[in-house]
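Worksheet for the structure shown next.
In order of appearance the chains are A, B, C, D, E, F, G and H, and numbering begins at 1 in each one.
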Amino acid sequence: MLDVLDQVRAGTLAPDEAARRIGALPFAEVAHAVGTTVVDHHRELRTGVPELVYGAGKTADQIAAALRELARVQGGALATRVDAAKAAAVRALVPEVAVHELARALVLGARPARPPAASIAVVCAGTSDLPVAEEAALVAEFLGAPVMRISDVGVAGLHRLLARLDEIRRADVVIGIAGMEAALPSVLGGLIDRPLIALPTSVGYGVAADGLVALGAMLASCAPGIAVVNIDNGVGAAVAAVQIARLAVRA
Amino acid sequence: MLDVLDQVRAGTLAPDEAARRIGALPFAEVAHAVGTTVVDHHRELRTGVPELVYGAGKTADQIAAALRELARVQGGALATRVDAAKAAAVRALVPEVAVHELARALVLGARPARPPAASIAVVCAGTSDLPVAEEAALVAEFLGAPVMRISDVGVAGLHRLLARLDEIRRADVVIGIAGMEAALPSVLGGLIDRPLIALPTSVGYGVAADGLVALGAMLASCAPGIAVVNIDNGVGAAVAAVQIARLAVRA
Amino acid sequence: MLDVLDQVRAGTLAPDEAARRIGALPFAEVAHAVGTTVVDHHRELRTGVPELVYGAGKTADQIAAALRELARVQGGALATRVDAAKAAAVRALVPEVAVHELARALVLGARPARPPAASIAVVCAGTSDLPVAEEAALVAEFLGAPVMRISDVGVAGLHRLLARLDEIRRADVVIGIAGMEAALPSVLGGLIDRPLIALPTSVGYGVAADGLVALGAMLASCAPGIAVVNIDNGVGAAVAAVQIARLAVRA
Amino acid sequence: MLDVLDQVRAGTLAPDEAARRIGALPFAEVAHAVGTTVVDHHRELRTGVPELVYGAGKTADQIAAALRELARVQGGALATRVDAAKAAAVRALVPEVAVHELARALVLGARPARPPAASIAVVCAGTSDLPVAEEAALVAEFLGAPVMRISDVGVAGLHRLLARLDEIRRADVVIGIAGMEAALPSVLGGLIDRPLIALPTSVGYGVAADGLVALGAMLASCAPGIAVVNIDNGVGAAVAAVQIARLAVRA
Amino acid sequence: MLDVLDQVRAGTLAPDEAARRIGALPFAEVAHAVGTTVVDHHRELRTGVPELVYGAGKTADQIAAALRELARVQGGALATRVDAAKAAAVRALVPEVAVHELARALVLGARPARPPAASIAVVCAGTSDLPVAEEAALVAEFLGAPVMRISDVGVAGLHRLLARLDEIRRADVVIGIAGMEAALPSVLGGLIDRPLIALPTSVGYGVAADGLVALGAMLASCAPGIAVVNIDNGVGAAVAAVQIARLAVRA
Amino acid sequence: MLDVLDQVRAGTLAPDEAARRIGALPFAEVAHAVGTTVVDHHRELRTGVPELVYGAGKTADQIAAALRELARVQGGALATRVDAAKAAAVRALVPEVAVHELARALVLGARPARPPAASIAVVCAGTSDLPVAEEAALVAEFLGAPVMRISDVGVAGLHRLLARLDEIRRADVVIGIAGMEAALPSVLGGLIDRPLIALPTSVGYGVAADGLVALGAMLASCAPGIAVVNIDNGVGAAVAAVQIARLAVRA
Amino acid sequence: MLDVLDQVRAGTLAPDEAARRIGALPFAEVAHAVGTTVVDHHRELRTGVPELVYGAGKTADQIAAALRELARVQGGALATRVDAAKAAAVRALVPEVAVHELARALVLGARPARPPAASIAVVCAGTSDLPVAEEAALVAEFLGAPVMRISDVGVAGLHRLLARLDEIRRADVVIGIAGMEAALPSVLGGLIDRPLIALPTSVGYGVAADGLVALGAMLASCAPGIAVVNIDNGVGAAVAAVQIARLAVRA
Amino acid sequence: MLDVLDQVRAGTLAPDEAARRIGALPFAEVAHAVGTTVVDHHRELRTGVPELVYGAGKTADQIAAALRELARVQGGALATRVDAAKAAAVRALVPEVAVHELARALVLGARPARPPAASIAVVCAGTSDLPVAEEAALVAEFLGAPVMRISDVGVAGLHRLLARLDEIRRADVVIGIAGMEAALPSVLGGLIDRPLIALPTSVGYGVAADGLVALGAMLASCAPGIAVVNIDNGVGAAVAAVQIARLAVRA
């Protein structure tokens, strides 16, 4: 914008034309279309987090194109919600892509340098929650945070959780992941003094089939200060945790 | 029925008339109407549990009449869901009724002798759950079971629960009561080896306003073997616990 | 823990190191990882019920590994929610596994000795409820309880239920199973004086498609004392019933 | 319409004007406004059932005016959902109105002659369902059907229902009324061979608080052929039953 | 039962043994097991409607066995909710079965003689509702009622409905079928004076995807007296309509 | 903005300060606080519709202050959702306010000149829908559109609607209002060729108690092109209709 | 109708026969059956919009037949919700059909002349919403309106939307399309003064899986005057927009 | 615990008694009962946040007692959800209590020293959200964080938000508060790079009546990294924000 204003001062640009340009310019220049998708390269500038490719509603072609465009500009790119078959199809198009099976994610290129971040514990109640937990862990690492993974510490075997409590307390931010009745964050929330992001999963059946009971239990927790993201939203939990973890290491 | 059949053998009753009477008799004789309400005096014979008066949808007149009729035949009677105003109105009609404020219950007459029962722990997560917990405790005692009350042991302060675990383990049956995210039964269920009845309450707000999250969390518990009753159903939890506790002391 | 304390008294262990060990030890020693799954061998000690393998979210490999680890330590192991294809795949890995088709369950090894238990009636409303009923029956037997199976006694043909009432009354604990409008437990609950666990199934269509109507009807039953488990949760109903049935035969 | 056509034949009316009149006339003539309310005097001609005044959303003034207008033309009129306070207010305006307290209904004038109808049994599970049951009974009688009232025959005391089954079987149409888990119609539906209208009530609490469980259970009944009306809709059940009962006595 | 009572009079049977037999006999004799399914041959005696085979949760083997057993005793049998593949499989087992493709139904044997019934109009809003409509029509015919089919008369093209109103009015009972917003029964209900059974379908998407909006609209209809069955429940609508239609032709 | 740019050209404002001002200025100048409320005087410039005061969550003081501030600048102001008691309290503070009882609305000052608009028909199914209908009509008139009110034309009496169809067709935009099953817009939508805004009301009980069935039915209508607003949202329907009606009279 | 009336005047038709014909004729003549489907050729006369074929519940045969019949009479026809496989099958039957892949739509024949319409902006939040957006755009064009497509302007990158605001403001009617939290219409609604149709999509997962959150957010928008259609209902949004856009260009 | 272990080393405590004490001691000592409420003085040690009194389900007596006990030990205490009447009653009991009307909160005593915390912006969409926003602000201040309040910046007037964006960006943590469709956090989340806690309110009507749409929209936001608390949960949002803000100022 200063460019435009300098031209105005220099008299080489009329004020009204400058007004028009200022309205359009700061936004238009970032619009870079990849097919029908507009990749938002300015997002990292604004929010500190680059665009991540959400693979669920996209074809292998669309995922490959978006990963390439993002990696071209940013050095590295990540796609989530890519099932095994689609991952294979993307790899056929972009052989250098790395496939993370458990997390159902793809990474292209080296991880670009990012702001430093404090450590994040990804704490997970059951085996079935692992894909969501691994998505969160992988995204947090991609965004530059050191991650500690702690699995299978559901509250039905309370000793498993208590045995690893010291470890959890060493992290600066905690992501608590659970499906079914999702009691883990409530118990954790009463034991630690760090920010706790609760991530419900759709693991369960009957009343718990879609994760709504887990979500509700996390939101209604009697332990105050638990902040919750959408069901199975590993990306959201990771981004929230990283934004917090970056604050913790500011000079 | 043997009466009728004896008359048939004696020839004083025709078989077809006997058939008709047998169809009607075993049921009809217990129908004793109190106004528009039919009091079911045979219920205790069939199910081991006498009819209890559910006060919520009834007038003070109807509650008073039902308590009197039940106490007349059974020696003692109990009404639940009677708020302070209605309790006062009933007491004006039946001065000898005892009012249990916290439990919102009324008792008329001495507790009749009942089958022996093992001990029941009524374990409650928070202060706001106390009215429901007290309803459960009072009904269990009315039905003849010894009751141990343990309050304010919600999982957000895990130490409060663990500090009283030995006490809880001494009971034969446990009723676990909680509102909001209702994590208490899940934690309890992983720590004890006795039958556990989970009783959700409508304590909470937002997503938890009506107790459905608490109910869902109890049903979806990762601790297997937890059996659940309706929201705020202290009577139901007590009856279930007493039926179990009676089994435990059979000769 | 006494070991650690003995060392402290002997002066061979410093108090602060002992404090650290005590915090970790009673829990850590039971943690035995099978791949990403932590098998909880202490669960039976705490709750009287061993870990059962929930097959729905697991691969054949994971099921096979968990069954082997559990059977190695406990002598026998059981997995539920294993469909025909997955069952075949597990059998290819562990040929000595026994496949229970109707119950969609696998059993490995002989049933270990378990505490004695009184008898359980598994009472089922319709043909379509049979897989859930059989899961409950199989699990109850695996946990050491004698089981009586009574099928197709839905209330739309009341005579079918009444004809078998004497049989049902001979059991100490009853599991009542139904889908659709699930009226069976209400009718049963008014006819028997034993603990009644109600198990809703997802059998039905339209408003009843997911079992929520059956669940709601069981929770809202006008027969007091019915305790309910999650939809299609045969394991939960069996565990609850066995914990009750064990109480009934205590010396 | 023949009038108009006769005029066309006579040449006193142009065909296009006639076309316009025919479009408007058969409908316009029945519109008789009472304040802002349009009373539909032709409804009984079309559907066999006169307009009934639904009092819930109306003021005492509006109810009084509607009753008077309907009674003026039809000889008698009925209003439902009129609570005690509003009933008193209407009576102050129209002293000759008869107040039916339990049914929360008002009747003005003598019941006009109506087509004959077969008998209807109004069968009700519990005391709390009585206001809805009485609304149904009163409306059915107002529409000319003989009504038999049978109360407090809920399935938790099955003998109470079986004891009165012969009576119920003597009716030509049955209305089955229940709240909570609403098992009554399922049991009834398996025992009788007459049309059965199921009427759910909002009696209950927790999961059953609004009558949706009762409604769902009736719709999902395993007894085929049960037809259901809206929660607490005594008027609807009565109208459905009367339309059936009239068919049964056609010459 | 008279047999037993005759023996008692003759002195060949002791009263107490007779009492036991009477309890069991009237019900036990109808229990005829087909594999795990108990076929209820007495249902037609009690309710006027024979057991119909619900094919959705059953294998081709189970459907074939049930059809054969029912046809053996009753002369004819009908199965619903049998998709094309399953229908072919049943036909391979029972070649004489007739497949009704649109209605997804199978009929085995000649239709047995049934009580006379008045005529039923099956009125359907849209093309997509036809399978449900045809199921209703076929079942009504199987139960002995004459059926008139009227299709594609949804209210968005009101003239289509009005053009066929005379025809509809000639039927004694009307089944109104619609998905989406299901306005057809409300409009019909204001135009006819016959019993109207409303049958919602799961046709629709978005808010209407599962038929709950259609069901709700039918239950909430401002036209009084509409009785509703479960979503897509062609069998239930047909049984209700036939029970009404039989009343209409009683001598 | 040109002011700022002129200063830059004149050299009296540095480019970076100008950049800062441009960011803030176009928005900041419209912020005019009334107590804690920020009145948005620019809204009419941006959207063609002035801020209307939503009275439901506000005190009489807040409503009075907002009306005065809006009337001061715009010449006239309107508040909705003001019940009788609150209306009286506002009038005590601002005696010149006009109270519209049926619409539960207040108007202060003369209606300011607004862009011309074509005519709007406000068509309403039942008497109970009138308050919502009148709110819509009043707001549309306040925004400058001529309004035609047509009441009590619900589809259960189809003739009432058809009798007034010509009148409705003379309007350029139609607002169709209904509660319960809300079939009116579907029928209307098949009969007119003008934009149709559907406005559901919370009139009803049982399944229809909160207006969700009416909303769902309108959204799922088989008549394409019906656009729907929130339940009881008379303001929203009026604004949508006026924005359309203004388009229709553009030169 | 004038034909009939002319015959009456000429005396060649008796008034009563004329009355019967007038009742049936204006509706019957448009009923032209294609197999089981009744094509409504008069719909365009009544509503300005021809029948469009909804492909979701239809076979390729039914779609082909309906397209042919509609194109035969109207010159062109359009089918929506036709997936790739079904589209290929229809093309095999009707080779001249044009397949629009992204919109999942088929067009047969040249677009018939239609009334003029003002321009419509189809504004879409994300890539995954494109199929629904393209359906809306294609239908609007088929109905004769000029369409401007604006994609990927979701509010999480506000600059993308603001950069294209001038363009959007040039349209006369705007369709705003979004899934997930669907904030786009609220932001748009505060920035433009034209009619805004909001179209929610089922894009999302967890709480947003079915589009209900998007729908709810659009209905609850704080920007007044947004009118909403059913989830994924591109056809409905297009028809609503075209009916508005036609008003805007009336002479 | 070291005390106990020192005694063991000194030989003054037997190991088994020590084991028992260690199990009970760390938890038991904090249990200090106030009537039926157990105040948890150790909570601040464990979680960094003291117990706050939730006033909604408590009597004035209970609130007063809890505030006094907490203030006695901690120097200051805070109660939320105390309406005007209850606040007056508490003040009558504890005259030195400070009443915060808008926030519906009470504070007793001086705010105790707490760990330093970075600044928090409390950003609120509409006037009706102010009570919830003020509760969040007050609690954050009570916990020691500097708070910046920004009100009435809902997205329907986007300029109001953009005008204050620089201010918001100066905070380290942001709480975004909105009811109705709750688009504010989505827009904010795309513009800032700080942790964002979204707090839905129950402000709204129709589909938005209970805050579930606002909650859903926040959870489904297309801006990644937004963490959400329960509806109207100002306390929870404040605690989460403070725990984050403390991390940001750690040495």
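Here is the rule we go by: a contact is a pair of C-beta atoms (placed from the backbone, for glycine too) under 8 Å apart; a residue touches a chain by one contact, two chains touch by 3 or more.
Treat the numbers as computed from the prediction; the structure is a model and nothing was measured.
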Using the contact definition stated above, find the chains touching both chain B and chain G. A, D, E, H
Using C-alpha centroids, which chain lies at the maximum separation from chain E? H
More Cb-Cb contact pairs, comparing D-G against E-F, go to E-F
Pick from A-B, F-H or C-D: which interface has over half of its contact pairs in common with A-C? F-H
Could you work out how far the Cα centre of chain C sits from that of chain E, in whole Å? 37
Geometric centre distance via CA averages, chain F-chain A, whole Å: 40
Scan chain E for residues touching two or more other chains and write them down. 43, 156-157, 189-191, 206-208, 212, 215, 219-220, 223, 230-231, 233
If you go through all the chains, which pairs of them touch? A-B, A-C, A-F, A-G, A-H, B-C, B-D, B-E, B-H, C-D, C-E, C-H, D-E, D-F, D-G, E-F, E-G, F-G, F-H, G-H
Quick one: in the complex, what on chain D touches chain G? 1-2, 5-6, 8-9, 11, 15-16, 18-19, 22
Mind pulling up the chain G residues that touch chain A in the complex? 127-128, 130, 151-152, 156-157, 159-160, 162-163, 166, 203, 205-209
For chain G, which residues are in contact with chain F within the complex? 43, 46-49, 52, 118, 172-173, 189-197, 215, 219-220, 223-230, 233, 235-237, 239-240, 242-244, 247-248, 250
In the complex formed with chain B, which residues of chain A make contact? 125-126, 154-158, 180-183, 186-187, 189-191, 204, 206-208, 212-223
Name, in rising order, each residue of chain G that touches chain E in their complex. 23-24, 26-28, 30-31, 36-38, 40, 42-43, 56-58, 62, 200, 202, 210-212, 215, 230-233
